[in-house]
Amino acid sequence: MATTAATAPAIHATPVSKKGGVMSWLTTTDHKKIAVLYLYTALFFFIFGGLEAVIIRAQLMLPNGELVSAELYNQLMTMHGTTMIFLAVMPLSAVFFNFLIPLQIGARDVAFPRLNAFSYWVYLLGGIFITVPIFFMVAPDGGWFAYAPLTTNQFSPGVNIDFWVLGIQILGLSSLAAAFNFITTVINMRAPGMNMMRMPMFTWMAFVTQFLIALAFPAITIALVFLQFDRFFGTTFYDITAGADPLLWQHLFWIFGHPEVYILILPAFGLISEVIPTNARKPLFGYPVMVYSGILIAFLGFGVWAHHMFAVGMGPVADTVFGLMTMLIAIPTGVKIFNWIATLWGGNLRLNTAMLFAIGLPALFTIGGISGVMHSSPPAVMQQTDSYFIVAHFHYVLFGGSMMGIFAGLYHYFPKMFGRMLNERLGKWHFWLNFIAMNLTFFPMHYSGMLGMPRRIYTYDAQQGWETFNLLSSLGAFLLAIATAVFVVNFFWSKRNGALAPNDPWGAPTIEWSIPSPVPEYNFAKLPTITSRYPMWDLPSKDPAGVGTRAGRESGVVMETETFTAAELGIPMPLPSIKPLLAAFSIVVLLSGMFFLSNDSKMLALVLMIGGGIATFGFIVSWLSSPLEEHH
Amino acid sequence: MSFNHRPRQFVAAALSAGLVLALAACAQDYPNSTFNHHTEFNTAIDFLWDRLLFWGTIVFVVVEVALIYTIIKFRHREGAPAPKQVHGNTTLEIMWTVAPALILILIAVPTVRTIFRTQAPAVPEALQVEVIGHQWWWEFHYPEYGVRTANELYLPVGRTVNLTLVTKDVIHSFWVPQLGGKRDLISNRTNYLWFTPDSSLESTVWNGFCAEFCGPSHANMKFRTYTVQPDEFERWMSNQQSPAAFGAVTPPAPAAAEGEAVQVAAADSVTPAAALEPYWYPEEELPAYAIPTGRIPASLAMPDGLVGDPQRGLEIYSRSTCIGCHAISGNPMSLARIGPDLTHIGSRHTLGAGMFPNEPSFMFAWIKNSRALKPGSLMLPVGIGQRDPITGMVIGERGGLNDQQIADIVAYLQALK
Amino acid sequence: MADNVSHAAHAEAAPHEEHHPTWQTYVKIGVILFIITAIEVSAFFIPAWETSRIYVPSMLFLSSLKFIAVVLFYMHLKYDHRLFRALFTGPLIVAIITIISLLFLFDQLSISF
Amino acid sequence: MSNAAAVAEHATHHHHTSTGLDNRKIGLWAFIGSECMLFGSLIATYLSYKGKSLVGPFPHEAWTSPQGETFPAILDIPVTSASTFVLLMSSLAMVLAHNAVVHRHKPKVTTTDRIIGNSSLWLGMTALLGLAFLCFQAYEFTAFVHEGLSIGTNLFGSSFYTLTGFHGAHVAVGVLWLTALLFIDRKRTLQPEDATNVDLCALYWHFVDVVWIAIFTLIYLIK
């Protein structure tokens, strides 16, 4: 008989899969292993992007800094933004999409496990493609939104922008493939009884995010295709000598760009919506409203893009429309903030590290949100736009929002991923250092911005009234590096030496906590039947409010405390396959072959493109015609 | 925001007071502050800013206080009873949907009003200035006066100026924080921006910046705006309209030199320059923030004791590569419009679009190898033996200039007041 | 992946395969599509129509008829699970709104009273 | 082990789906939704740049260059009407192919039944019509180039070729897909169980058709 909750939880920190070795990683189709791959890669890129930021801050610490040249600075600045957004925060969210969505909806894997592996490999290769150039001083240097016509051949004849144009397309492919996968997973792979309004909030926000990705990335893909054609084939989309309108790029970019910022924040919102109720031992306040506000934020997010363009002279009517639409978004977001506070209210707050980060999000994101609303007033933003005030805004929402949420999620879910607890002492150090340093870095930027400091400048004169603020920001950034180092140490130390984690170290309400930590390859030995939003709290022993005070519902969930292999249970698992990796590799060869089109090595370009194309086709055919899983 | 007696405004000021207003007060310490009322444009923006700051502060305080209070009050205590399992409360949720909506309405109404007011066409009697962006310098064209200048914009106080913003290449953005918000200069588009420097302003100088990333030297695309008294403006303008006044070395120019200038001017200037006393913003009065602090590498320093001769400089200049890009009205050899107009370069206070003080030693280095000073600069190095950082080529004897020749050109250009 | 299909048997509702229209319906739709296209093309060549104010609206109307016919019948959204309808119409609406906004922003459309 | 066996009894061997729908079909519809934005961006670009080219040739009116050369209006409505018709009919063929596979086991009495029930015929027909459409497009492109419009000539050229080229690339992928299905059908006759496989291709194909319906009206017919 399956074990019951009464049995003492057996603890064993076995690796995610018994089969070790490099091949097991290269061929994995297990969403949990893919999540781990995403995690390592994204953390690497986060530190890489952070180091770029530290160099930026070192350069700007004092007036007339001479640490790096203007060219290098522009590459660092561009790659810092690009790295953090496309290679760090989005993939860090993808860690949780991969790891949590199947677990939270009670599935054995995602809908298309091999496509999932494919997404990861494309991301990794794309990340390498776009990152390596900086070591040769030819990294993209057009800013993270690469405004045309600066990025056309006429004004950027080097290869720098080529890397960006192709790299972002590669990364977009990864995100799009993942989006279709997760949309399908959430719609179709839910356990019996898991109807939409019983889904955990993280899964909901992740689900909404996938639609943002699916609808936002095509716009930037097209913008990039135009730019690429301009650069490689002499089309005239952004060619000002042919009468092109540079606003075309700006519109297409921001049609993507604004939804993108919600792509970055909604998963973090979802994560803390898991952490806060768990550690407050109270259900999420206003679950339906939280769902609807997430959907509304996403929907409105498609109607505000031009608020990044208030200085371009769109005319009063457009400014008004986009300004008002932007303000509207504050309403559903505010509802979320207040609902979190209401969830905390009356709770029994366990202030562990995850909880601290989770509370840090509303505390800090609100500051960024308020400056966002200040930007939404077009005349007012005329003084703010392209100044450090903007830089302050987006680091408060990105670092104070997305990163806080992601850290909360990492502390919360680390035991489930690796079977061991992160060290709380180091965790607290990490949080407080991070919290202080973060404010020290980014709060002064409000001042430097409103006191006239433009962004994206590699140097500035003394006597401009910015010295103090820049010095503070730089010191803060160095402290942030220390904080991050604490986290890195904690991560690797705890992975080997942390306390062993039981099934449910936090007394959490959702079903991913009913299975062993780390999660066995098959996830659920018995697929749970869901009868409420907080099934684990329906277990009498787990009810945070004491035995029997809940609705007396029968929970369809059992505590599974033993780990078997899928074969022992006779559960068919997706077979490992190298084909996603090979297909990803060939498609990246195909795309990066285009790189040489503009560089007078057309033969090489054709060889790579045709070779890559044929290989892609071949691998996809063999991928589709090989069976997904073994049969028992 | 004029400090009238509206209580709300007062609260706004008080709340945000601490730092922000204190900062704004001492313009010397914060010379590029956006918090001031030097123009009606900035007044309108600051009015909105105060509203935004006021409501922002309230939201901030409400959220943070609620959070902190909740955390302290409900933090885990041993033996605390299990929390009540509340799932939601529609009334509360409606409240915190409606309250932000009301705040937003209070922000939106003045916002919309200000949008339409600040974007209305400028008054017809406004001073017209065409601002032309270049990688990486500014060209200012006064069509009514037929004057073109670079990187220094003179405006009379009390008169509305209507800027027509265009660019020769990529997108730039015109920003003088002290005089109002920014507006982009967009390829194939024309933008407008108008404001009126307050008539109570004393003659002074403001820093201006390019606020849209435009390539390697985006940081070095600065300019100065001088808001001067109307009569000073007229004097400045009449001097600008005259051709190069080579020989007039010290301001104010001696009468003789002035006469000379008028003579030459008669030939081709748009309006014959009236015999006004020339004016430009006096160097002694430049505030510290208007003096660039950029340094030049030792390798480009002007050798000690090197003295240039302006007359010789005129000759060398007039057959050098310089004339391929620059114009000096009064010098028939120098007519090109690619680089900045140099007619009155000697009267300007900065070099290289606000990068360096306009002093002989800096100009010497600049001419010798501008690209080593200003990343990406389109101006070719001319110093013999200098390495062009973009092409990697070393300037040879042919076409290159030696130190003495450069010093001569410097002397000539410095004399063009 | 094909095996997912066969295993779907025990799920709530089987796909509404039975409601698929017959081939006669398909052919009828094909004829309608043909006729509408013919009308559109001839309108292009009828100067009185082509220059009139109703030309553009009529063209938009006719082509959306075709669009809807194909989507409802050939892509059987009319008979299929409503989920698919949502997956398609949601993005379609976002796309259409985006196109129209861009046309305003690029001065290709303007509101005149 | 015995424990495992006990648990195994309860392990679900089937793949559970929440809606009873096929995963791939949901994924494909999500993909089609995404494609709406892709083509939306392309169409919006074309329309936004309409009439803004500095030099000709132009889509609907003749143009005389400063050198005195005359270029005719580029778009050739009769030819494109034919290709539009071809694509529409391919959709009809496609839907009949799907119909044939679904009703594979229906008794076929009349000749009509046999024709209508011949999936290979309709798959092949669809692919052929798709190919014909591509030929029309190739013809169109070469003719336009001869008339002086290349992809780099002006804004119209760039946005026109990119938009229709993207659509053409989608048709080409569809033709490949159809050919693969035809190949399987010839090898081992597609059965009703395979209907979803055909349906996926059909949905894609009809979507590409629907996009053309929009393009034909917005780009070709409306001046």
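Quick notes
Letters A, B, C and D mark the chains in the order given here, with residues in each chain numbered from 1 onward.
By definition in this document, contacts are C-beta pairs under 8 Å (C-beta built on N, C-alpha and C of every residue); 3 or more make two chains touch, one makes a residue touch a chain.
The structure presented is a predicted model; accordingly, all values stated were derived computationally and were not measured.
Using CA-based centroids throughout, the chain positioned farthest away from subunit C is B.
Of all chains displayed, A has the C-alpha centre closest to the centre of the whole protein C-alpha set. Between A-B and A-D, more contacting C-beta pairs join the chains of A-B.
Centres computed as Cα averages put subunit B at a distance of 54 Å from subunit D. Distance from the subunit A centre to the subunit B centre is 39 Å, each centre being the mean of its Cα atoms.
Computed from the mean C-alpha positions, the centre of subunit A lies at a distance of 33 Å from the centre of subunit D. Spacing of subunit C relative to subunit D, judged by their CA centroids, is 14 angstrom. Of all residues in subunit C, those touching 2 or more other chains are 1, 3, 83, 87, 90-91, 94-95, 98, 102, 105-106, listed in ascending order.
Counting partner chains per residue, subunit A has residues 112, 183, 187, 214-215, 219, 243-245, 247-248, 255 touching two or more of them.
If you sketch which chains touch which, the pattern fits none of the simple shapes: not an open path, not a single ring, not a star, and not all-to-all. Chain contact summary for the complex, subunit A toward subunit C: residues 112, 183, 187, 211, 214-215, 219, 245, 247-248, 251, 255, 302-303, 306, 314, 318, 624, 627-629. Taken together, the subunit D residues at the contact with subunit C in this complex read 14-26, 29-30, 32-34, 36-37, 39-41, 43-44, 47-51, 77-78, 81, 84-85, 88-89, 91-92, 94-96, 99, 102, 116, 193, 195-197, 202-203, 206-207, 209-210, 213-214, 216-218, 221-222.
Residues 1-2, 107-108, 111-112, 176, 179-181, 183-184, 187-192, 194, 214-219, 221-223, 225-226, 229, 233-237, 242-245, 248, 252, 255, 522, 525-527, 560, 562, 564, 568-572, 632 of subunit A are the ones touching subunit D in the complex. Remark: subunit A residues 63-64, 69-71, 74, 141-143, 147, 149-150, 155-156, 240, 243-247, 280-283, 285-289, 311-313, 315-316, 319-320, 323-324, 327-328, 330-331, 334-335, 337-339, 341-342, 344-351, 359, 362-363, 366-367, 370-371, 373-374, 377-383, 385-387, 447, 450-466, 544-546, 549-550 touch subunit B in the complex. Within the complex formed with subunit A, the residues of subunit D that make contact are 1, 3-8, 10-13, 15-19, 21, 23-24, 26-27, 30-31, 33-35, 37-38, 40-42, 45, 48-49, 52-55, 151-155, 157-159, 161-162.
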